[in-house]
Amino acid sequence: MEPLILNINKSHELISSLLILLGVVFLLLSSIGLLRFPDFYTRMSAVTKGSTMGLGLILIGLSVYFNNIDVSIKILLILFFTFLTSPVAAHVISRTAVKLRVPFWSRTNIKEFEDYLKRENAFEPKDKPDEFKKD
Amino acid sequence: MLQLHHLLLLLPLLLPLYGAIFCLFSWNRVNLQMAIACVIQLAMVVASGALLYAVNHEGILVTQLGNWPAPFGITLVADLFSALMVVTASITGAAVVLFSLRGLDLPRQDYGYYPLILMLQMGVAGVCLTGDLFNLFVWFEVLLICCFVMITLGGTKPQLEGAIKYVTINILASGLLLTGIGVVYGITGSLNMAELAMLVRMPSINKSLFLMASTFFIVSLGIKAALFPLFFWLPASYHTPPIAISSFIGGLLTKVGIYAMIRLFTLIFVVEQELILAFFTITAGFTMVIGVLGAAAHYDFRKILSFHIVSQIGYMLMGLAIFTTLSIAGTILFIVHNVFVKTNLFLVSGVVGRLKGSFDLKKLGSQYLQRPFLALLFLISALALAGLPPLSGFWPKFILVKAGLEAEQYTIVGVSLCVSIITLFSMTKIWNEVFWKKQPETDETEPDADRLTKALLYAPIIFLALCILYIGLNAEAAIGLAYRAAEQVLNTDLYINAVLNR
Amino acid sequence: MDIVLPFITGLLFATGLYLILHRHFFKLILGIILFGLATNLFIFTIGRLTRGGSPIIPQGSEVAIEPYADPVPQALLLTAIVIGFGIQAFAIVLVKRVYQAFGTNNLDDLNNTDKTIIPPKE
Amino acid sequence: MLYFILASLIYAFIAPFVHRAAGKYGIAVQAGVPLVLFVYFATFLPDVQKGEVYTEIYNWVPSLGVQLYFYLDGLALLFTLLISGFGTLVMYYASQYLKDDAGLGRLYMYLTLFMVAMLGLVTAGNLVTVFICWELTSITSYLLIGHTHEKETARQSALQALLVTGLGGMALMAGFVLLGIAGDSYTIPELLTRNDLITHSSLYLPMLILILLGAFTKSAQFPFHFWLPNAMAAPTPVSAYLHSATMVKAGIYLLARLSPALSGPDVWHFTLLVIGTTTALLGAFLALQNSDLKAILAYTTVSALGLLVSLIGLGTDAAIQSMVVFLLAHALYKGGLFMVAGNIDHAAGTREYPLLNGLHKQMRFTGIAAMLAALSMAGVLPFIGFIAKELLYEAKAASSYIILALSFMVSVAYVAVATIMGYRIFWHNRSEPTKLKHQGQVTMAYPPLILGICALVFGLMPGHFVAPILGQAASATLGETIDFELSLWHGFTPVLWLSVLTILAGIFLYSVLQKKREPIAILQKLYANGPNKLYFVLLNGLQRGALHLTATIQNGYLRLYIASIILTQVALLLYTIWYNSPTLQLQQKINLLQDVLFHEWLLILLVLPAIYMLLKTTSRLTAIATLSIIGYTASLLYYLFGAPDIAATQLLIETLTVVIFVLVLHKLPRFQYLTHAHRRIKFVVISVLFGATMTYVLLLVKQFPLISNLKEYYGQNAYLLGKGKNIVNVILIDFRAFDTLGEMTVLAVAAIGIFALLRLRMDKEEKA
Amino acid sequence: MRTIILATAIRLLIPVFQIFSVYILFRGHNHPGGGFIGGLIGSIGFIFYVMTYGTKHTLKNYFRVHLKNDKVADLHSRARHRFHIARVNSRYRQRVEDEWKWEHRIMRIRPVYIIATGLFLAATSGLIGLFSGNPYMTAIWTGLEIPIVGKPGTTLLFDAGVYLLVFGIVLKITFVMAEE
Amino acid sequence: MSLFTITLHIAIAALAFSLCLASIRFFIGPSLPDRITSFDVMVANIISIIAVYAEITGNKDFIDVAIILSIFGFLGSISFAYYLLKTNR
């Protein structure tokens, strides 16, 4: 085993590892948020931002490490995809959740949605699959 | 320029592939698909015949695909046995395609029947010609998925019901086969069958591990060949699809499984052979007996035939279990004969079913007086199946009995003889009920068939019956071929040297 | 990892088989997929594992540099995965059709064509 | 000879067409074929009488030693003449008897086929050819017996005949193969000279049993005799042909033919004698019990066959001589009597003799024919039957008095039967003559008349016509040349007195029978539970047993099928592991655990609850998501161990599976637990067993180093020869591109299949 | 599921996926990727499209090619006619579709044809080697060196066959299933 | 083993831990959208693991897998949502 040497000369390694650690922290935090937050909507908000941010940081760290045009393009591509798709996915899922009437946290200020929720109820199916009651 | 043996080995694979491609291109034009399929089938018969001729005259043919030397690329090998299989398959395929022009209802033809049957043939040819273990698996999958689709084609309730069992069990079999291939690779680090054969005969190989690997092949190929504790999918599904489909599948597919077993268990899995062969002997006996008893129990034309497939697989395995040149020759001849006979019987049942609208023996009757010619055709195939001389079934049975007695395997020979009596019994049951018995009163009117339809329905049956008669009467040609094929199969050095080019 | 993966594989095999042995359609299909996964993992594990080195020739070199993973099981596995996908897709649709045609989710209701029925003795 | 036989074989298939085309006069052609054969075989008489053997050899299947070997010696010639001669008469008789039958054309076909098969059988000089013809006679006789196939009884008897003789056939095949192995040849002439080799072979006993089984079933010996009387369901011409002169004698022929090769050991003589005598007695007894004319004749045929077998069993010169004479005599009178019975049946519509009286005025020629045949049967002086009986008694007397007594009893029964046939029906005038449906046809009386006259002529001049050929036949049976002389009159020997006594006793028996008609009840009951019953019990048992067995095995439950398959696999694996396999070095494995990195542990931690979740969840979507989590984890594992291509593919496949699931999911069944927990236990056990075995196999295989030159070759050459740096991809599209082609085919078929499955619905009631 | 956000995102993403898939296909020989992965990525956009817009819309927008407009040909010069066809077949196809006229000849691109083309390409790429006297599937290389692709040869043709086949299959499966 | 590598290993372990946390949410639910969300997070975590691992091995090609996953992870969550809406309609 080599001795532990902090090789300052390779500054891109340092920057990269810092960025990655930061990203990891973001991701970890968003996971914790996902686990700890009280209702679906709050979890959602924790997750979308946190995980996208964390992923972005890690990827940037990666591109710093490789310092190469090829890799940078690819990473830009991933970032583009993630930044485009992650909000869309979040949007679609929350929309679905609202439609499915996933319960809100008791302390949510729900009044301003009430009209919308009523309208949504018109679309409710009569026979609801049992699994939604269970889950 | 183009070298002939490269082409000959590939034609049985490429012809159906291109046929299927062109059928796909003419997706909504059934008539065009029919024409393509017929032309391709004819070409297949010619091409496979040429392959057999070439192999017969020049010995084992080999082509290294992609021009990579043997253990590194994929090798196609044609020895006599595989060439014979290919010829058999293509003749059967031609007959079935001819039959299905009128024997299969139009919607089914419309939904890709012709590309499917062509790809199925490609799969069969692939299994027979490949010299690579994993490639064997791939071609098995090809023919498997073709069978899945063909069995469900039309989506009637019985078809779906049979298919769910067929599909599940065969997926399991594929998984086990893949696992087995993995184990073999994990032990030897090779996939080329010739190289494996060479490695196995070296002292350095771990024999007991290899024996363990062989069990995967016994079970998975046993499922495909429908051996005794593994055959359940066959009677569950083979009688459900329309006849044009079940005749081809029922006639050919299990034999491909047996082909693979013979190939692998003569070439590669030759460690602890007494043990394996003893197991095969027991299995063969049980397969025969259980299959034939199932046939004796049932009163449905197609179910009887389905159970008979199982029973006859027992005979083929018996030849492998006895493991002499003569017995292997008997098995090879049995396979060829049985493909023809079984297909033909299914086709006869299809004609009866199509003209009378039922497959239940108790509802049929009087066909002997109404259609004496069909009765004759049925009789030829049925007696051939029961092994009565001098039809094609007699010779392989005789050879197997002779080989068995010479090898002093008295029990299995006795069992096989008793089974052949019960086979005769169940065949005469069909004859009694369908042909001799008076037609029970039914209020169903007979659908009438025009002249062309009848001609197209009868032509393949006559053709196959002539094949059966030919094998029976000019037995020397067939037996000689089978014997030389068996010699080639057992003389593995020939195979190894041809493939590895030493 | 050479020691843990076999156990995972065995576990997947067992679970897949157990699900297949249920008489419920949906579990059957889950079991089939899991079984396929187990088979793939089996093949992957049996060609020895190499941590890291992928079988790709690095830039500037003309031959692969050790350590790199055995590419043969990988190639086999790719083919097997794709074939398995084709078959599993077909199986899923088949199960759906069976459910649609029979309106039951119980495999035991599907033994009409296959079961041998003993007629009453005359 | 080949061409004659082949020509008649081919003719057989066009016989129905000839019949249809030529109509009434077609009979000239139909009967002409056997006649031509008869004449053809008759031309061999002079040569064969001199003791020469005519042979003709064609190769058929040389690799199995099968030849078309025609071997015509005295024995064979005797049979060929009988067969073709009878064939002529029967053809003619059939044309009269079944004038209006629609199936007459086909009957001609089968009869001709049968005749050809029989001719082939008796002239064949190769065991395999013998067997082929043997089976051909079985199958043609099946078709002949089932001529009136719309009747249940006809079908059943035909099946019975086929199964019994078929069983014998199978035994015979094995016996012949054993004989071939023991005698090292399949040609009969060679085998005949190898008596020592064969009888001292260790295979002798099984071979003998098998061959005897074949011969006994064919020749209706006890306990296989029952099919013959049942086969009387056939039209009379068929019975007359098959059961008097030809098919049932095939077994006799075979025994006689092989007797030089097989005889010698006591077991041969003893078995034949015992079985033959038993059959003779039983047949005679049963004949007297019956009142149906054809049944009576059938049972006497059984009895006569028994006598013939016992004579072969005796094996002395005298016995064999009497055997051949009795064979000829029996063929002549029995054929005639069958035809007589047929005539009566045809005219009167019944075959119950108590109902028949004084027919001689209405059926004069038939009556005369019956009289001639009956006299021959009874063994009255100028007939050949007399000579046969004399010889019989001589032969039996030479061996043992018990056997002589038994033969005497049988002969007495024959006399009684003959009295019934020849006297009772036609000239017995005590009550009103039976009213016939229509007058007896003169044309139908000719064939039996001819046979009767033959019997008379042969009896009167035994030395001229028959003695030479019979002598040769006896020599062939014995395997050595013997002096053979036949004469009608031997002087007042004890045997003659015995003959006289026989006739007197027979007439006495007849008169007793007339008064006391009731069959002996106990014996009847005993016999009702005899072999015939046994046959049906066995057949029904077979069917029901098969049904139950199949219902147990093919039970329709997919789970059980899969369980049995997996159990087979596990059992085989465990056996091979137990049998001989290297031990697993566990300690070494445990040491390896240190190498596992932390994040790898975490990934594994992910799999375990996922599997638990998969088993426990009640939501379909959760199950699918869990499945894809497992798949993602697996792909991550692939990725971590150097397989980015697989990882990517696995991810794509996993997602695509999810998509497919999702697209069809709302059509999929809901989750439910259908199996009870305690039932699930055994499946848990099977699954765990299977998983554990697979793990063991994996660990065991990985214990040994993998020496593969593939890896190195691909690593070296992927770029240099394959022009690609991604080795896996180069393997896929270059080194092993053929696999990929197959894989593409699978995908294409799967797509077509899914399309067809979803779109094409042939069930009409189901809405698309 | 036609939310405006998703729909817009999908419309944007489809061409990106297409380009990316071709990129993956071409570089598969040297880097992870290849025909199979490329084909899946190429078809994934259409899965999204089917999910959001439904099968019919997808077929209408992407799988009908308007080949010819005879009437227009009479009116315009050849060059303008070509332009018109290009216009009809590209950006403005929806607008043309709305005013249905018999003059537009419509060719359907069935997924089956794509599948068949893929198989055909793959099978035929091997034939080239066969007819030059080598075994089937012997690779033939051109001398060129193209940046992403490397040396193009018959194997590339083969890979393209795989790409098309997978593309066609995924489309076929998705269309059929979504129509249910 | 340099400090850099150790850092990356720590990062990868933390990501795996985060994956486990997300999976706990997945397993306890309670609603289906919750599961889909946690599935999303897991995909993001897996992409990160892949990225970090690419850095550990220094193999640029491994990044491609991350691209593919980033595309397909989206497809997964979209199709789950599609299912929920479709059965609900």
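Note that the chains are named A, B, C, D, E and F in the order they appear, and that numbering of residues resets to 1 at the start of each chain.
The rule we apply is simple: contacts are C-beta pairs under 8 Å (C-beta built on N, C-alpha and C of every residue); 3 or more make two chains touch, one makes a residue touch a chain.
In this text the structure is predicted, and so the values were computed from the model without any measurement.
Trainee: Within the chain touch network, how many edges lie on the shortest path between chain A and chain C?
Mentor: Minimum step count, chain A to chain C: 2.
Trainee: Counting hops between chains that touch, how far apart are chain B and chain E?
Mentor: 1
Trainee: Return the chain pair with more inter-chain C-beta contacts, choosing between C-D and D-E.
Mentor: C-D is joined by more C-beta pairs in contact.
Trainee: Measuring from CA centroids, which chain ends up nearest the centre of the complete protein set?
Mentor: B
Trainee: If you take the mean of the Cα atoms for each chain, which one ends up farthest from chain B?
Mentor: A
Trainee: Compute the centre of every chain as the mean of its C-alpha atoms, then state which one is farthest from the centre of chain C.
Mentor: If we average the C-alpha coordinates per chain, D ends up farthest from chain C.
Trainee: Which whole number of Å gives the spacing of the CA centres of chain B and chain C?
Mentor: The answer is 27 Å.
Trainee: Hey, how far is the Cα centre of chain A from the one of chain D, in Å?
Mentor: The separation of the two C-alpha centroids amounts to 78 Å.
Trainee: Using the average of all C-alpha atoms in each chain as its centre, how far is it in Å between chain B and chain D?
Mentor: Averaging C-alpha atoms per chain gives centres 26 Å apart.
Trainee: So, what's the distance in Å between the C-alpha centres of chain F and chain B?
Mentor: Between these chains, centre-to-centre, one finds 48 Å.
Trainee: Could you list the positions in chain A whose residues touch two or more of the other chains?
Mentor: 77, 85, 88, 92, 95, 129, 131, 135
Trainee: Residue numbers in chain E touching 2 or more other chains?
Mentor: 1, 6, 20, 30-33, 36-37, 41, 47, 112, 115, 119, 123, 126, 137, 139, 173, 177
Trainee: Of all the residues in chain C, which ones touch at least 2 other chains?
Mentor: 20, 28, 38, 42, 46-47, 52-54, 56, 72, 76, 78-79, 82-83, 86-90, 93-95, 97, 101, 107, 110-112, 114, 116, in rising order.
Trainee: Per the contact definition, I'd like the list of chain B residues that touch chain E in the complex.
Mentor: My answer: residues 1-3, 6-7, 10, 14, 17-18, 20-22, 24-25, 27, 63-67.
Trainee: Give every residue of chain D touching chain E within the complex, in rising order.
Mentor: Touching chain E from chain D are residues 644-645, 648-649, 652, 656, 659-660, 663-664, 667, 722-726, 729-730, 732-734, 737-738, 740-741, 744-745, 747-748, 750-752, 754-755, 758-759.
Trainee: Touching chain A in the complex: which residues of chain E?
Mentor: 1, 3, 5-6, 9, 12-13, 16, 20
Trainee: Looking at the complex, which residues from chain F come into contact with chain E?
Mentor: 61-62, 64-65, 67-68, 71-72, 75, 78-79, 81-82, 85-86
Trainee: Report the residues of chain E in contact with chain F in the complex, numbered from low to high.
Mentor: It is residues 1, 6, 17, 20, 24, 31-33, 37, 41, 44, 47-48, 51 of chain E that touch chain F.
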